[in-house]
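Look for subunit A in each of the two complexes below; its partner is subunit B in the first and subunit C in the second.
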Partner chain A sequence: MWLTINDKQIEANEGMSILNAALGAGIYIPHLCGHPDLEAVGGCRLCSVEIDGMEEAVPSCMIKVQEGMKVTVHGPKAERTRKTAMELILATHPADCTGCPKYGKCELQSMYQYLGVGPERWKKKSRTVPTDDSNPLIRHLFTRCVRCGRCVRACRELRGVKVLDFQRTQEGVRIGTGGNISLKEAGCKFCGACIEVCPTGSIMDALGQINEEASYGERVVPCKAACPAHTDIPRYLRYIKEGEYEKATAVIREKLPFPEALGCICNHVCETACKRNELGEPLSICKLKRAAASVHSDDWKKNRKIADSTGKKVAVIGAGPAGLTAAYYLAKKGHEVTVFEINEKAGGQCRYGIPSYRLPDEVMDREIDDILEVGVQLKVNTTAEAPEVLLKQGYDTVLIATGTHKGTLLPLEGNKLSGVILNTDFLKNARRNQIRNLGKKVMVLGGGNVAYDCARTALRLGAEEVHIACLESRDKMTAAAEEIQEGCDEGVILHSGHSFLRITGDTKVQGVELQKVEKFYFDENRKAVIELVEGSREIIPVDHVIFAVGQAPDETEKLGVELNHGFYVKVNSSFATNLPGVYGAGDVVTGTRSVIEAIAAGRQSAVEMDRYLGGDGDISEELLEKETADPFLGRTKDFGNLERLSPPLLDPQERKNSFDAVEQTFTCEEAKCEARRCLQCDLRLNVTNPKLWNEY
Partner chain B sequence: MMDTIICNAMPVYHEAPVSPMLLKDNTEKVMEALLKEPADVRYLIVPEGGWEWDKPEGLTVIETRHKSGFTYGNNSALIKVTEGEKPIPLCRNDGGICGESRVITVEELLNAEKKKVYVGGKAEKKGFLDFDRNITPRDILAAAGVKGIFKAMYFGHPMGVFINETTMDQPIELTTDYIEILNETDCMLDFLLKTADRYEKEACGRCVFGYEGVFQIRMLLTDMTLKKGKMSDVDLMLELCHEMKQQSLCESGFSIANTVKSALDCFKSEIEEHITKKSCKAGVCQKFLTFHILPDLCTGCMECLDVCEDDAILGKKKFIHVIDQNECSGCGACIEACEENAIIRARADKPKCPKKPVPCKH
Partner chain C sequence: MKQLQTDVIVVAAGLSGMAAGIAAAENGAKVMIFEKSNTTGGAANMGMGPLGVGSPIQKEHMISLTAGEAFRKHMYYTHYKVDARLVRDYYFKSGETIEWLMDMGVEFLGVQRAFNAPEATRAYSDGEFTWHVVKPEGGGAPGPRCATAMIKKMTERAKELEVELYMETPVARIIMEDGRAVGVIAKDPDGEEIEARAKAVILATGGFGDNPEMIKEQTGYEFGKTIFNFAIPGMKGDGIKMAWEAGAGHAPCTMELMYQLPDNMNHFILDGAFRQPCLWVNRNGNRFMPEDQIANTTFTGNAISSQPGYVAYSIFDSKLLKKYKKKGSDIMSHVHPHDLFDHFDDQWERDLADGYEPICQADTIEELAEKAGIDLEGLEKQIEEYNEMCEAGFDEIFEKDRAYMQPIEKGPFYCCRQNVGAYGTLGGVKINHKTQVLNEEAKVIPGLYCVGTDACNIFGDSYPFILSGNSMGFCLNSGRIAGENAAEEAVEY
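Moving on, here comes the complex of A and B:
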């Protein structure tokens, strides 16, 4: 239908308000209590207009359009109402804008500047309310509140959480919870919709949540920002909550080809970033990913795109997570990719570094098969030629992703004795089933996850007594807390805060001499300083000593590229080495890091290499049609106190006799239950930003 | 959508619980009538507590707390109550967006011929009276009586109307539950301020003209009672009332604006004297009371002079003491100190006193 606004003919749909029709046609009408995502209430009267045939000004948000209606936005009556309304609002609003955290981004500020009015005619008195910093994630600064009620409608109607409302107090009407209880007690879901719709600086993110360096989206959804591959975590958790594992897996697969492997062993920095930490414990994101991936659905393959052949050839050296990821995305971009792997199986550290009780072989097999399926050629038991030779052989580009497979031997007395083993050799040989006669007693030196991998593997290979000794105190150890606990449950004896003085024995290891550490720290030159406790020496009798004190790249000097710190491949920000067409990614560049970082590096290097080969470098994909998440959350009993679930573990006595997976997968019910704890921070990004007058 | 009918038994004035009274007296009749109304869903909204029901089927009774009486007079607010929300209005009763819900009062259900009203203030027969729906104020006054000299009649929410002696014979449509009768001891400005204060305390906060409007009215009126009023404030207040009558979201903003406007129509000079003459005719507004020492009674004993903390009393032994009105803070300590009862509080009419101390006559 047609109507006239300010002498301009505009078309509008039936049922639309005059305000929305005008805004849709690019005609600005000031409005404050109105918000594109919320029901109009007609409270502020800033949107007043005059309509032919009506005596008085009316709020345009509350009047539906009619055929032939004649509307004047700036008539004298409407202007008087509008200006008076703004003056009245300003009369009780703090006068000083410059101290406000919303300064420059405030809708009220923008609007009164547009209207050019001030509160001078009226009695001025701001209603001071103490700032409330007592709630997690959300700050209330209600001295600035103008009672537009947007937050109330967002909370009650849009989200259905029904926590905020108009509350009558001795000092007047305020926004808050009934009975002034904490947000958590009131059943707040901490979705942040109230923050998002507040036109002034009255409801804000808690101070710790504001990282000025991050983009707005990153700040609002920190889990996704923290994940090196930027997996859309809230999105897939929502699918898990609905029991839709296939769709959840597709979401994960949009960013990486190893969902189940990561579900087993990811170091989940996303959980550290999770906003739910502020309420207690974070979401069990990693284990939820595993639950979703464990259905092994092929649904996601329907939308997988593989480009036509480009005729370009790519060589990838090393079939670990970085190499395989790069190979996968490059093959999907139409390049002919060959991966050279020195070992008999692909997987790199995921296969030969991480024990199978943490990451079972069949998980790796399955996910590597999916990679090979897109046309990646895998040559196992093959030592690749040097990159320069590969380029001469006809490869257009080469990626070095050989990882860190050489264990570090500390310069320690007795380190050449028979019975001394390196972490990398030990774990690899255990995987290959090549370890015999480990003896009864084993000492692992080191305090990281690899030390635990070695110790727990040793137990499974029949060692009766397994020790771990490390310099760090238990709370400073780099091993994950769960890893330490699980090792302890299996009977690993931990000597944290001990220095290893020497390995005793003539030809064969007989013991390790330890001494208690008084202080261990790094000085200003980042040199380790160790102070020992006098008279605390003891010799632990053992048959084998495993060094688990770090690992480095092997034979990188033969690659013919520039190195860093002796062994590491040097690359620039585009993953390029000093040789044109030769790239590097993963642990061989960065030193030992996490699997997810290697995967992220694999993706990024694929982008750079595709561009080098003349492609557009766009490896993004949509494996699942983009849905709009339901903005309605509803109430959940005791939401703020819902406890984090953990998947069950095999009994310690039972599990230490086999390499069966220790950790079980969440059942569907457990997963749904755990996923329900998600705050769905990303829903905030779906809230429409009202356009300000200068955008019309 | 289902047709819903809501019977409202929430009183607008807690001191005038007309609807709950009618409901208590006619419970069965009301229920029966409500169940006969054509609707799929029926609600009865009553004030919390004190009810014993044989709740009939097909009717949901909602007991709610009486905190914001004025908004319970709004139909859209009552619909919110049936949805489990607070009684916060969305539009005026004639705003026409109540959808499929119909709101009916207990009186309407009972088809009562007469309007039951609580008459308070200076009425001789304070309490509930039944009146014709169309009635002259004179008839109301005849029925209710007045202590002292009649000054004004106030018709409460949702009418917000004052009547003075000049309009007593014009018939009026009675829609309020509450009438207050004022006599010569009432100050119109003071009464207006108390009324505005009540509206402010009851305001829901949703709309600018309702909430901020009544706040400004209260502030402006307060200034006038504190001798800080300006004549321009009266014009500003009238301008505001005009906007509030049109633009406040529900009837509350309308009725307080109408109250102010009608008080200024009927009692303009009495209110303006607070500003122009700095006097409160009724002697109610504390700031306008003045203290005087009657020269005939003063013995010049110095007692009052000694207790005055403001040093506002001039005089010496055997001289008639005089209060310097510019210095006096009106604490009243001198009245207590004077054994001769020579010191008085004065309203509009001031006693004749010497300008400075003169020797006592006795």
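Moving on, here comes the complex of A and C:
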């Protein structure tokens, strides 16, 4: 239907309000209590207009359009109403904006810019309300509240959580919970919709949540931002909550080809970033991913795209997570990819560095098969030629992704004795079933996850007594807390906060001399400083010592590319080495990091290499049609106190005798329950941003 | 990465950035402005109006100050420590800039001065009528924020000229090629990077008032300890850092000093009530300036910054409070409400009850000194001397106006600590009179301009309150100068 606004003919749909019809046609009408996602209530009166045939100015948000209607936005009656309305709002709002965190991003500020700050005809009513920082994640600064009620409508109608409402207090009407109880007690789901719709700085993210460096989207959904591959975590958790594992896997697979492997061993920085930490414990994101991936559905392959052949050839050196990931995406872009792997199986550290009780062989085999399926050629037991030679042989580009496979031997007395083993050799040989006669007593030196991998593997290979010694105190160790606990349950004896002085023995290891550490820190030159406790020396009798104090790339000097810090391949921000066409990614560049970082680097290097080969570098894919998440959350009993679930573990006494997977997968019910705890922070990004006057 | 191309890029849409963008577009350039917030105007949204000399409004009001006279006043005030050519170009442009704004539809209420000196010091520190206060859109008396009406008109003008405004799109760095600024890298609201290229880049990001680390590093002040400046959210020093990174020379940064109470906006009544020519002492209990000068916020701020602990104490007694309540305050300011003392008891009681730290009340001087942390012996001696002088009717020490010689004798006594404050930061990026950025060797970095607060190196050590409206005045005029020069460089006819 047609109507006239400000002498301009515009088209509108039946049932639309005049306000929405005008805004849709690019005609600005000021409005504050109205919000595109919320029901209009006609509260603020800023949207007043005059309509032919009506005596008084009316709020345009409350009047439906009619055929042939004649509307004037800036008529004198409407302007008078609007002016008075604005004056009343400003009379109760603090006059100084300089200290307000919303400065520059405030709808009210934009509004007074448009309408002007009128004369102060009304007695200024100072209604100082103390700032309430007592709730997690959400900050209330109600001195600035203009009582537009958007937060109330968002909470009640949009989300169905029904926590916020207008409350009568001695000082007047205020926004709050009934009985002024905490948000958690009131049943808040901490979705942040109230923050999103607040036009002023009255409801804001808590101070700790504001990172100036990050973009808005990254700040609002920190788990996704923290994940090096930027997996859409809230989206797949929603599917898990519904029991739709196939869809959840497809979402994960949009960003990486190893969902189940990561579900087993990811260092899950996403959980550290999870906003639910503020309410207690984070979501068990990693283990939920494993649960979803464990159904081994091939549904996601339906939408997998493989481009036509480009005729370009790519060589990838090293079939670890970085190399395989890059190979996968490059093959999907139509390039002919060959992966050279020096060992008998692909997988890199995931295969030879991480014991199978954490990451079973079948998991790796399955996910590597999916990668090979798109046409990646894998050559195992093959030492690749140097990149320059590969280029001459007809490869158009080469990726170095050989990881860090050489263990570090500390310059320690006795480090040449028989019975001294390096972490990398030990774990690899254990995987290959090549370790015989490990002896009875083993000492692992080092305090990271690899030290635990070595210690727990040693137990499984029949060692009777396994020690770990490290400089750091238990709370400063780099090993994950659960690793330390699981090791302890299996009987690993931990000597944290100890320095290793020497390995004793004549030709064969007989023991390790330890001394207690008083203080251990890094000085301003990043040099380690160790202060020891006098008279605390002791010798622990052992017959094998495993060094697990770091690892480095092997034989990178033969690659013919520029190196960093002695061993590491040097690349620029585009993953390119100094040799044109030769790229580097993963641990061989960065030093030992996490699997997910290697995968992310594999993706990014694939983008750069595709561009180098003349492609567009677009490896993004949509394996599942984008759905719009239901904005309605409803109430959940005791939501704020729901406790984190953990998958069951095998009994320590039983598990330490075999390489069976220690951790079990969540059952479907457990997974649904756990996923239900997600705050769904990403729903905030679906809330429409009202357009300000300067955008019309 | 999104790729964009234009003639002139302006970084930030505050007052100086808008002026630069409009000026460049008026001179034929295609312009893009990148702004990290979603509102135009930046800090100017809190202001009241700019300086102008020789404007039609001044002529109408028979104010005879000329641009040359303003230039000389400015140069004597700053002891020629600043770029005379830039100062000259600024003042000579400023009157016409007012006309330029009026042509856009900006209305001015008239012209004011920020400060009128007491008679005894009028010869040294009186304010000139240079402050063009913007008429609030709805009419009525002007107050803080009334400059938004100007920002609105400028925004409309920019849109009319098809200046492209990219809101919530912060710029991360300048793209330099062969020593020349050729564009910027920005990030759109979704976090996607934008590479925007242009023939000239103008930086206008408003200083670093909201960056405590940078304040400490550049000026030595500690936010919340030795200084309580306006920290307008977003003023992080982005432009200054970008310019330095691109090789710009460092000009010394200063704080635009004044004085105020911590968290003053929530204690605004007290902020005004204690700005009276009562007894002002430092931590040792000694007077440090004639109190009839305390309306000169620049000089008072400077004076407090030279006292032990960077603090001063303003003290009056019950008799004086009674007088203020009955007859109103001795000194009025155009910033604070005129009926301050009608609300005094309310705010005082509430703030005392809340334990607002800068204030205290005491029945005896001894108790007052103890509570406020002033040296008792010094204070007692000072009050004795002061009261004697009040009785004699003459301030032998500072010759304070005798009308204000009112003794401190009847308890309870009221005391409020005053801290060093500041409007914001000033300067940082070395520029020439064309607002081109210079390197450390004072050679022009081609294609790069810097304007407004980031480049305001012309105030010397103190805000030139004698020519009020100077902060906004410099922003507008340096912005225009940059816009015109950048357009000339960018547009091929």
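Here is the rule we use: the second predicted complex is superposed on the first by the 694 of 696 C-alpha atoms of A that agree within 3 Å, B and C clash if a C-alpha of one lies under 4 Å from a C-alpha of the other, contacts with A are read in each partner's own complex, and residues count from 1 in each chain.
Basically, a residue touches a chain if its C-beta (ideal position, glycine included) is under 8 Å from a C-beta of that chain, and two chains touch if they have at least 3 such contacts.
Since this is a predicted model, take the numbers as computed values, not measurements.
In the superposition on chain A, A:F166 contacts subunit B only, with no contact to subunit C. In the superposed model, A:L115 makes contact with subunit C only, not with subunit B. Of the two partner chains placed by the overlay, only subunit C lies in contact with A:P94; subunit B stays clear of it.
When both complexes are overlaid on chain A, the residue A:D506 reaches neither subunit B nor subunit C. By the touch criterion stated above, A:D308 is placed in contact with neither subunit B nor subunit C.
In the superposition on chain A, A:S215 makes contact with subunit C only, while subunit B stays out of contact range. When the shared chain is aligned, subunit C comes close enough to touch A:G104, but subunit B does not.
Greater residue coverage of subunit A by touch, when subunit B is weighed against subunit C, goes to C. Comparing which residues of subunit A touch subunit B with which touch subunit C, the overlap comprises 121. Across the complex, subunit C meets subunit A through its residues 36-43, 45-46, 136-141, 143-146, 148-149, 151-152, 155, 159, 165, 167-168, 187, 189-191, 230-234, 236, 263, 265-266, 268, 337. Contact residues of subunit B toward subunit A in the complex are 67-68, 85-86, 88, 90-91, 95, 97, 200-201, 203-209, 211-213, 215-216, 219-220, 223, 236, 239-240, 243, 246-247, 249.
Residues 41-45, 48, 56-57, 59, 62, 80-81, 84-85, 88-89, 91-92, 121-123, 125, 147, 149, 156, 165-166, 168, 172-174 of subunit A touch subunit B in their complex.
Residues 83, 86-87, 94-106, 109-110, 112-121, 124, 128, 212, 214-218, 692, 694-695 of subunit A touch subunit C in their complex.
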